[in-house]
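In the two assemblies presented below, subunit A is common to both, partnered first by subunit B and then by subunit C.
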Partner chain A sequence: MTKALLGNRNKTKSSTSSKKDKIFFYALIILPLVQFLIFYVYVNFNSILLSFQKYDSSSAGFIFLTDNVFKNYQGVFELGNLGLDLGKLILNSVILWVCMVAFGTIPAIIFSFYIYRKRTLYHFFKFFLFLPSIIPSILLTTVFKGFMIDCVSNIMSMLGTTFKTSNGLLDPYSDTAFPVLLIYYIWISFGAQVLFYSNAMAQTSPSLVEASQLDGCGEGRILLHVVLPGIMPTVKTFIIASIAGLFTNQMLLFNFYGTIDNAPNIATIGYFIYSMAAPGPSNYDNYPLMSAFGLLCSIIAISAIFVINKIFKRFEK
Partner chain B sequence: MNRKFNICNISMIVCSFCLVGLTSCKKNNVEPHSKDGKAIIYIGTYDGGVGYEWINTICNRFNEQFADYTDPQLESQGLKGVEFRVDPNESYYGENLESGLTADIYFTEMVDYAYYARKGIFLDITDTVTSSLSDVGDTGTIADKLDSNLKSFLTCIDNKYYGLPFYEGFYNLMYDVDLFDKEQLFFDSDGVIGETSESANLSKGPDNVAGTWDDGLPRTYEEFDVLMDNLSGSYTPIVLTGGTTSYVNRYIQNHFVNYEGKEQSMLNYNFNGVATDLGTVTSTGVANKDEQTTPISQYSEGVELQRQLGKYYALDFLKNHMMNGNLKTASSHKEAQKDFISTKYGNNRKEYAYGLIVEGSWWENEASTYLKADEAKGGGKLNRRFGVLPIPKQSEEKLGEKQTVISLNSSFCFVAKNTTYPELSKKVLKFFHTNKSLSSFTTSTSTTRAFSYTIEDSDAPNCSYFAHQLIEMKKTCDIVYPYSSDSHVLDKKTNFKMDNYPWAIGITTSNVFDQFNNGLETPVSYFEKMYTYAKQWWDK
Partner chain C sequence: MMTKIKPIKPHRKTNPLYVAVFIILVVYVVVLLVPLIWGLFISFVDRDAYSEYLHNPLVLPTSYTFDNYINGFNDFQIKPLGSYTNQNIFEIVFQTLVYSGLCSLAATIVPCICAYASARFNFKFGKVVYGIVIVTMAIPIVGNLPSEIRVAQAIGTFDNLWLFWIMKANFLTIYFLLFHSIFKGVPMAYTEAAKIDGANNFRIMIHCIMPFALGTLGIVFLLNFINFWNDYQIPYYYLPSYPVVGTAVFNFSLHYERYGGIPQLIAMIFIVAIPIIVLAIAFNKKLMSNLSDGGIKE
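Let's look at the complex of A and B:
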């Protein structure tokens, strides 16, 4: 009898505890779940629907296209007729991606290795390289813009260089703006990569490193033959994930210039879509076309991801 | 204990996130009435050049006139009298209003009026606009003070008024009368520069009428060039406010409408009439006007209006007269204003000594900090004499044709539909549109409102010289309010945005200044591309 009572009490206790566990679990996941449903499922679903709609002022909303449901997709291919240098925009986006991979990833791996090996001032470098990722980008952009215009460009002017506008080196119509912005963007993205790679390197077994040192390996060989193979999945993930941003990366151009007029020298696909679909009702009629454009870009990016993934797999073999 | 704490903690975080979301949907009037039993009206305004001090002045007058204001709604809640809370905020920019209206009454700019009215977030104020103003101490109705084109635009949704125009956005070249006097930059009746504003022998100005506000100022593009030559010796002739070059593109819209006149200009928005000024331009810049006129009876025919020669002459003026080594872009609009104001004292180096500034009509109010600092030198808002340079005519044949200017910025005022006190808010809005309040606005801001009104005698001495100039300009010029209730225009809103129409030559290209400044286009090529591009998007 007593046993039965104790058993019931234990049962009640465990059922209360499991109830609490459930509440705890649901409380924990509800926010990310709601966010996922709204910002991933709903927003993307809505974008797909938008690409088959048009803005209708009589209802102050969007209505489905009836006469030609693919009008927006057709419109994407006619952007060239509307004066858009699509080729240049794609080229800029690809250059940005290639430079990010080539000049961002490789130095980031080397620096991460430096930090991982705890060389001179590694704490200092770790802090300062990661600093741009902590400071709000708009603040950093303003400081950089001020530095480039008021300091560097002014000094160059004093030395005899003439600039067409007060934007100096950052004049969006000049040939200098794109490389300057590219270097800035790579620098600003550097910290995040270093953090990822140094954390991945930290997982490398110290005994492996010690063994290779005993075998007479220098730092270069340790990096290439011991550490790099260990972090390769991270590098691969980083590169593949960056392809997803190939057509959405706007290189912080909006922070620098806001919405600027036709500037094919610097504009990327991401910036074009962003500025055309800026928030506010006065841009609503652009949304369907930009949705179609975005979807087509996504198809290209997904295909590129499969290709790169295949290339990686071939190298792994 | 720990687990309980975790559950509570996480639940609180989740709830707080949800609350943050919900509060953005709810009206922000946490206090609908004051502790002393007064209804609180929140007035939201964009914190820009026009400022908000003028709102306080009018609100104080309302409280003097209606100290014990009450209406059935207030009575039922036991309230008497009104307390105003003015909220100047940059987030009240027209484009941001969709996230929710938190104030009762708004005075703001860049408002997509037709969209918001259709969306139902503005209160129907038809009775306020069309009823007599006698209850607020004025005669007539607000509608009587409105331009007919504006009226038809404002009533484009269900034939009702959902808002009223706010300030007039004139983009002009501003000059300092004292500086012009010092340098003797006024023209005499023979068209020779070298007079002061006090001279008895001034030219009649572009309107060709003696004794008006534009006397002695450049009448034609040619005389404008002479002025530029005279200024360029000791000054930078024109400064363009930094940060945005769009001001200059908006300014040259004045040249287009001034050449075409109000009726021909409005064809671009109502598509109803006969276009008399269409033409082509040869590669050497010779304009050939079409021998026959072109009837425009519907939107689809409107594309032809991109061939209006006034548009070409506006482009020509910018490239060949303004930018001909005369124009400098300052690093910021504040810096440009500061240096422009201090130029008169002769202490600025040539590159910071400006003869003219491209600015919006609110600029003097925006520069009030610098003008206040100027008081120590005997200056200040009431002692300084800034003027509006009239739009020169393209040729002598055009002299005497009525001057036409364009008011931009899509600036509107309205009552939020979710206002706590609908009748009171409408009453307040009505009070803001009496002649006394309109006059008070101009006195305080040196900016005009898009209504027909006069400056009260009691306000006149407190109006700056610049404000008087604007009032005079309003009296003698036709004003184009570039709004359309045509469904095609409302559907293709991006193409008809004030910075895109009529200047767009590509989906992302409409900044004439940047195109010229970078040598990408000439006036002739630009004019041709405007038409070619319009044909690509007009009917799609």
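Let's look at the complex of A and C:
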């Protein structure tokens, strides 16, 4: 009898506590959840709707297309009307992505290994690799722009190189601007990757490394056969996450040139979307087109993620 | 008397791989620093001397002045959208502090709180929250900026300095996963013991569990603050009436001839970049050790 009574009391106590826990749990997450529903779910849903709409200046609002529902999607393939070349946009973005993955990832892994093995001045290098993430990008780009135009291009002119405009190497209509900016962008962005990889490498068991050293492995083999397999999930995550960058990476072009009218030849998709989405009635006409373009890019990016994930899985097998 | 014995460093063979990496890293540092040092020099050169320098860029100017910084400080003014009067540097810095401070607070506390709820309570919905973070991080959404701007305009966070932080109060960031792993790592015995002692859920969270994440909270806040301070693209679109230092500097860079040319423009950028660089250098060790030796950790 007493046992039964005590059991009931404990049950009531634990159910009250569970109820209190539940209330507290939902009190903690309710507001962030509302924020998520508005700024993620609704924003993206609205983006889909926007891609089937047009701006109506008389009512200063967006109305659904009635005559040709897919007009905005057709518009994506007719960017020439905006003075842009879709092929060039895609090509520039793909070149940027491939270079970022190929020339960014491999050196980043090697540099991370250098830091992980605590070689000469590793602390010093770690600081400088992290520095571009701290310094405002507008400072870096302005100084680099001034240095390239006023110093490097001027010196090249003195040595006999002729430039079409005073922008020298960074003239957006020249053949030099894109490669120069591409190299610069890769140069300043792989520092963050180094920090992530060296972080992942730190999880490698020291006994594994010691054992391989005792077995006579050189540093190269330790990297390839001991450390690299351990950080492969991080590398995979980075490569998969970089796919979104294919369509969002601006390569700092907005910092260098402002709006896309100033640099249509070297534009990437990310630069194009950001530049055309400036708020204000004069740009509202572009919003449905940008939404349609973004939706198509998202579909491609999601498909690409599935394909790359499958390729990785096949390699893992 | 005890004498301190220095540990003997093991002799390490010179490895060609490391020599090559060392050389590349030295080149990396030089390439990174040369334009910055050049910029620093140029920021002390007056306009006439700079024009002369452009004719012979191989020789650095010999006369330097502090005028670019003084003029840059005075010229650090911008007319916000729809306003007839200029805002001076103090107003712009104040707006930047409000923008960066509120957004960093929101972007730090919200993932932390949600991670706490998801990790410390055994409810199914907690797992759903965790799943939402993973799925949204894996699925890339492109081109929703126009829609986001429209929604912000409808809700009232657009061009609203004091409410803009709401847009940044989301838990869909990598910091959620970071806090989640910290809270998951704290034994449940702490919570149970506190409950036996009569503590309620709020006290348990604040007094028993949060101290485990305090250091990380500080670092995440600092990283967010640096990011928001340096950012100009979001406030450029979303806060047209409240220019922050980033947007002001971006505008100056588009019309630098009006602002005493390149030397003064660089001086103006250094003026607003120095506080954040000093802050980052002051916390350099903490940022480095927390970020790179095994992730952000206690």
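Note that in this section the second predicted complex is superposed on the first by the 269 of 317 C-alpha atoms of A that agree within 3 Å, B and C clash if a C-alpha of one lies under 4 Å from a C-alpha of the other, contacts with A are read in each partner's own complex, and residues count from 1 in each chain.
Quick note on the criterion: a contact is a pair of C-beta atoms (placed from the backbone, for glycine too) under 8 Å apart; a residue touches a chain by one contact, two chains touch by 3 or more.
What you see is a predicted model, and the numbers here were worked out from it, not measured in a lab.
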For A:136 in the superposed arrangement: first (subunit B), second (subunit C), both or neither? second
State whether A:198 touches subunit B only (first), subunit C only (second), both chains, or neither. second
Between subunit B and subunit C, whom does A:144 touch in the aligned arrangement: first, second, both, or neither? second
Contacts of A:279 with subunit B and subunit C, given as first, second, both or neither: both
Which of subunit B and subunit C A:128 touches, first, second, both or neither: second
Tell me the contact category for A:24 with respect to subunit B and subunit C: first, second, both or neither. both
Who touches more of subunit A, subunit B or subunit C? C
With both complexes overlaid on chain A, does A:214 touch subunit B (first), subunit C (second), both or neither? neither
For A:159, is the partner it touches subunit B (first), subunit C (second), both, or none of the two (neither)? neither
Of the residues on subunit A, which ones does subunit B touch that subunit C also touches? 20, 24, 28, 31, 279, 286
Which of the residues in subunit C end up touching subunit A in this complex? 15, 17-18, 21-22, 24-25, 28-29, 31-36, 38-39, 42, 53-54, 56-58, 110, 113-114, 116-118, 121, 123, 125-126, 129, 132, 136-151, 153, 155, 158, 166-167, 169-172, 195, 200-202, 226, 229-230, 232-233, 237-238, 240, 246, 249-250, 253-254, 262, 265-266, 269-270, 272-273, 276-277, 280, 284, 287-288, 291-295
Could you list, by residue number, the parts of subunit A that touch subunit B in their complex? 20, 23-24, 27-28, 30-31, 54-60, 75, 78-79, 81-84, 149, 164-166, 173, 260-262, 267, 272, 275-276, 279-286
Where on subunit B does subunit A make contact in their complex? 3-4, 6-7, 10-11, 13-14, 17, 94-96, 98, 110, 112, 114-116, 118-119, 242, 329-331, 487, 490-494, 497, 505-511, 514-515, 517-518, 520, 529, 533, 536-537, 540
In their shared complex, subunit C is touched by residues of subunit A numbered 17, 20-22, 24-26, 28-29, 31-33, 35-36, 38-40, 42-44, 46-47, 50, 62, 107, 110-111, 114-115, 117, 119-121, 123-140, 142-144, 146-148, 150-151, 154-155, 158, 187-188, 195, 198-199, 202-203, 218-220, 240-241, 243-244, 247-248, 254-255, 258, 269, 273-274, 277-279, 286-288, 290-291, 293-295, 297-298, 301-302, 305
